[in-house]
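For reference, the structure I am asking about is given below.
Chain lettering (A, B, C and D) follows the sequence in which the chains are written, and residue indices restart at 1 in each chain.
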Amino acid sequence: MAKIDVSVQTDDKPVPPPKHPNTCPSCHSHYRDDELEGALWVCGQCGHHFPMRARSRIASLADPGSFVEESAGLHSEDPLHFFDLRPYGERLAEAEMSTGLADAILIGPAAIEDRSCELAVMDFSFMGGSMGSAVGEKFSRACDSAAERGAPLVTVTSSGGARMQEGILSLMQLPKTVCAVEDLHDAGQAMIVVMAHPTTAGVLASFASLGDVLLAEPGALIAFTGPRVVEQTTREKLPDDFGLAAQNLRFGHLDAIIPRPEVRPTVARLLRLFDAPE
Amino acid sequence: MAKIDVSVQTDDKPVPPPKHPNTCPSCHSHYRDDELEGALWVCGQCGHHFPMRARSRIASLADPGSFVEESAGLHSEDPLHFFDLRPYGERLAEAEMSTGLADAILIGPAAIEDRSCELAVMDFSFMGGSMGSAVGEKFSRACDSAAERGAPLVTVTSSGGARMQEGILSLMQLPKTVCAVEDLHDAGQAMIVVMAHPTTAGVLASFASLGDVLLAEPGALIAFTGPRVVEQTTREKLPDDFGLAAQNLRFGHLDAIIPRPEVRPTVARLLRLFDAPE
Amino acid sequence: MPPSEHELRLRERLSRLRNMPLLGGAKLSGELERLQRQIDRLGEEPTEDEIWRSVELARHADRPYTLDYVERLLDDWFELHGDRAGLGDDGAMVAGLGKLGTRTVALVGQQKGRDIQERTRRQFGMPFPEGYRKAIRVMELAGLHGFPVISLVDTPGAYPGVAAEQHGQGGAIAASQAAMARLTVPTVACVIGEGGSGGAIAIALADRVLMQENAIYSVISPEGCAAILWRDAGEAQKAAAAFKPDAAHCLELGVIDGIVPEPGEGAHTDYDAAARLLGESLREAVDGLAEVPGDELRRRRRAKFRALGVFA
Amino acid sequence: MPPSEHELRLRERLSRLRNMPLLGGAKLSGELERLQRQIDRLGEEPTEDEIWRSVELARHADRPYTLDYVERLLDDWFELHGDRAGLGDDGAMVAGLGKLGTRTVALVGQQKGRDIQERTRRQFGMPFPEGYRKAIRVMELAGLHGFPVISLVDTPGAYPGVAAEQHGQGGAIAASQAAMARLTVPTVACVIGEGGSGGAIAIALADRVLMQENAIYSVISPEGCAAILWRDAGEAQKAAAAFKPDAAHCLELGVIDGIVPEPGEGAHTDYDAAARLLGESLREAVDGLAEVPGDELRRRRRAKFRALGVFA
């Protein structure tokens, strides 16, 4: 028991997608990509929230054309020359190919209902949204950019855990991003966090929990240790809603659960509140 | 239910004393005053802690002759001309007569194992240690005296609740003493709290809970709302150790439970720690 | 419209009674005669019946509660939830952000329930420690961002239960007061119903403390006091007359800084008017503090509370 | 006695590898050859076997734990208990005050158990959120009084259970790091055994981060990593060799500032010597920070951690 590490959530990656990737896992309705894109990737039948790619997310949040990507090309190196069944470099290249992203987060200034802010949006499709050097650095730059422009930071999190292939450096992204948030706060700026499914492990144990306001999407898994590891490690019987947004709200860890269509107006309202002249 | 006030603990006054006041309530051993005084009012048979008067307490804590009483004559007035079955003024006079104290607390500079500190010691015998204007003012002056002399404050609490006869002004002693402790902390000085039986209601809900270190004597009742009021109000079944020091320690509200003979050396150790050059 | 001669004199007399912020309520037409009555009351000693009437009105089942004022006074209201410590979200304590005029403020306050389900969910307005920890969290958030803090007090007291004690009721009430004593932003508290003892003062250590005309503020309920001192809860009316929880007496004793008028026969008769009167007083109080440097605010706040008490 | 020529050269070489505080341990006679070996190891690449040996030693059942060092290094030790929030006192996290030489310091650290009862009571050194909240409380107490903070890291990770999640494990670990990022007193952390992931970094955001020679510091256990990447926990040794949790590699990656030598064949062979070596390194680290102004300490601390990572 004492030997099992609890911080890695990779086994909480969503189960392999069904044949038709746009089949709703809860009500089994089928959709075309454009249908789901138009519906913010929310099932029209049952309200299930499908995973949302970072660029779609930004399009759904920011005023049209207001987002300007920063540090687009920044990517992780391979300091450990990590090689498991395949080299880390190969996995990175593959992820870049399949996602069109340099790593698991996009950052940059944007406007939401005409209020300027900085965005930092994670993408689970890139190696499970795991946090390595690139994610940590880009999130930290987003904090600085927000502080410099005197605008709040809005971050959307989705992460399955640590970027194991970067070893201890991936753990160091926790204190790194925590320090970046503290610098942001010392600059008098707010951070609004929107936790999408799943927000776990190192991301939850660092910047995601330090927002001035903590929002989550319905059904999002929000846990430091995911259900499977808890079961395997402690043999405990898990409550049905273990680690889900609803449970986190009930236990006092969230300010509100916001359905995806309400996220933009809610964030806009919070920006009006935090922008207000003192 | 919603009507019953929860802040007054007067019904937690110890049960009327047995014929022989020095009979141990738990093992029924009999003692002479001088025996108990010599034993710090702890039962030699079973370790029961008898109530200890403020002057005996100071004698047991401070280096001989080191305590110099401050604001000795300060006493409460009767702004409401409060009259229940008897006038407040009469009750005050009676308490002064029977205790030889001007009110329920003694303050002044002292030394403990050669470390200087300020003492603020409550006496339950004076109207159940209830906190009125005099207690609040003297405690606050003790904070200032400690801050001025650059010495920690050591306070021993014992209080059954509010001084109802002073009405809202007795409630105002909570924020008053809280502000005094904050001023003490801003001056860089520590406060060590020793909770004696009973530490309840307003005293627990103000300065007693704000110590840098919170100690309690074995068996002390430490509760905002006492067992009887909880039972009457909520009809809940109470755990056997409801509100006792042991329960408070278990739930994370105390740093340690210290038997009376260990209080002086323990406080001395803490004074050495807080005095140390930074 | 600018205040009239007569009004100015009235308000001046009222404020002289204890230099309290002039009452915004008085600006509203139709409120002058109430203000006059209030002044007359302050002049003479309220009768036992008048005091008891305040007790009854303060507890009136139809009296507006915190959220009734929130929806009428604050724009862009966003309620914040949770203690962040795993004990949950306390229904008896409301906390959030909103705009009072152009200013973002944090608001905390106890909330009673209207129907039995809500009363149960909100514990009749009696917070658990986690409720006070939520309030602390939001007040400190306000401090970080320079938002003034407004607290609306309406509780019979902190919840008197086994779990509440185990969660640390006394420590939470002390910590909440300490947090308010540290704030460097303007803080305004108003007792809008029952200001019940420790459960009330936990969120009332403010730069300006106001009371609505028919609110009560006391160290114990009349019933509790009667039960202990008269050995008979039935003597509640006598007890209330003895410890004087009404606004006029609290003002005389220097415990509060001002009285907020209520419409008609009490706030419950006209929520909108009551909210207007409260809103004007809150805005005036915040405006009066907005220019004071934070550390000076804190210094004065502590000095004010440290001066309370009557001794010789 | 003053350090010898040879010793000075060795220590200088060692410190050049990454400007780390010179190792107090090296001052002790009989430690020079170990230091020499350490330097040689730092020169070349540790073998898979050497890395695995660190893993085994870091987890050795007889390895000294936090309280073994406390009793040997601190005078007037007084342990503080409780989260002050009603979730209790976590046995896996120790916190208290003591004197390191003439200086009062606050010490926090995970504590494993020796026998099965103690292991159970201390959850095998895996803290609950209330444990981290106790540590936060004591670190902030130290900040208020200007006491340096020392943290001893020895945990497989934060406790992975249902209640721990419900109490807010992720938030507590984040809050503990944030509290350390705000401190304006000197902070020194040393990994004395297992530096397991989030449960470890929660108390390791320090001005100086040290590792004992045979400690490990990693984002995941070898077994966990093997199970995920090799689909076979049996490949733990291979995994460890791949992600390199040993002190030498952590030093090379700039994750730690110095390595604390261990006596004989490891700390478990001589508690007193291990404590002397650790104590000297801790004192040197604290002394080196004592004169730096608090806000400068905080600025440098944040800058140091914000520089960690390898990207292009």
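Note that a contact is a pair of C-beta atoms (placed from the backbone, for glycine too) under 8 Å apart; a residue touches a chain by one contact, two chains touch by 3 or more.
Not measured: the values here are computed from a predicted model.
The chain pair with more C-beta contacts between its two chains, of A-C and A-D, is A-D. Averaged Cα coordinates give subunit A a centre that lies 41 Å from the centre of subunit C. Each chain gets one centre point, the mean of its Cα atoms, and the points for subunit B and subunit C are 30 Å apart.
Rounded to a whole number, the gap between the C-alpha centres of subunit C and subunit D is 49 angstrom.
Residue positions of subunit A touching 2 or more other chains, listed in rising order: 251-253.
In subunit D, the residues that touch at least two other chains are 83-87, 166-168, 171, 175. In summary, the structure contains touching chain pairs A-C, A-D, B-C, B-D, C-D.
On subunit C, the positions that touch subunit A within their shared complex are 76, 78-89, 97-99, 102-104, 130, 134, 141, 144-147.
Contact residues of subunit A toward subunit D in the complex are 1-8, 10-11, 74-80, 82-85, 132-134, 136-137, 140, 162, 164-176, 178-183, 200-202, 204-210, 222-225, 229-230, 233-234, 236, 238-239, 242-243, 247, 251-253. Considering their complex, residues 83-87, 129, 133, 166-168, 171, 175 of subunit D touch subunit C. Contact residues on subunit B toward subunit D in their complex (touch as defined above): 185, 188, 190, 212-213, 249-256, 266, 269-270, 272-274, 276-278. Residues 59, 112, 119, 124-126, 156-162, 164-171, 173-175, 177-178, 181-182, 196-202, 204-205, 217-221, 223-225, 228-230, 239, 242-245, 249-250, 253, 255, 301-302, 305-306, 308-312 of subunit D are the ones touching subunit A in the complex.
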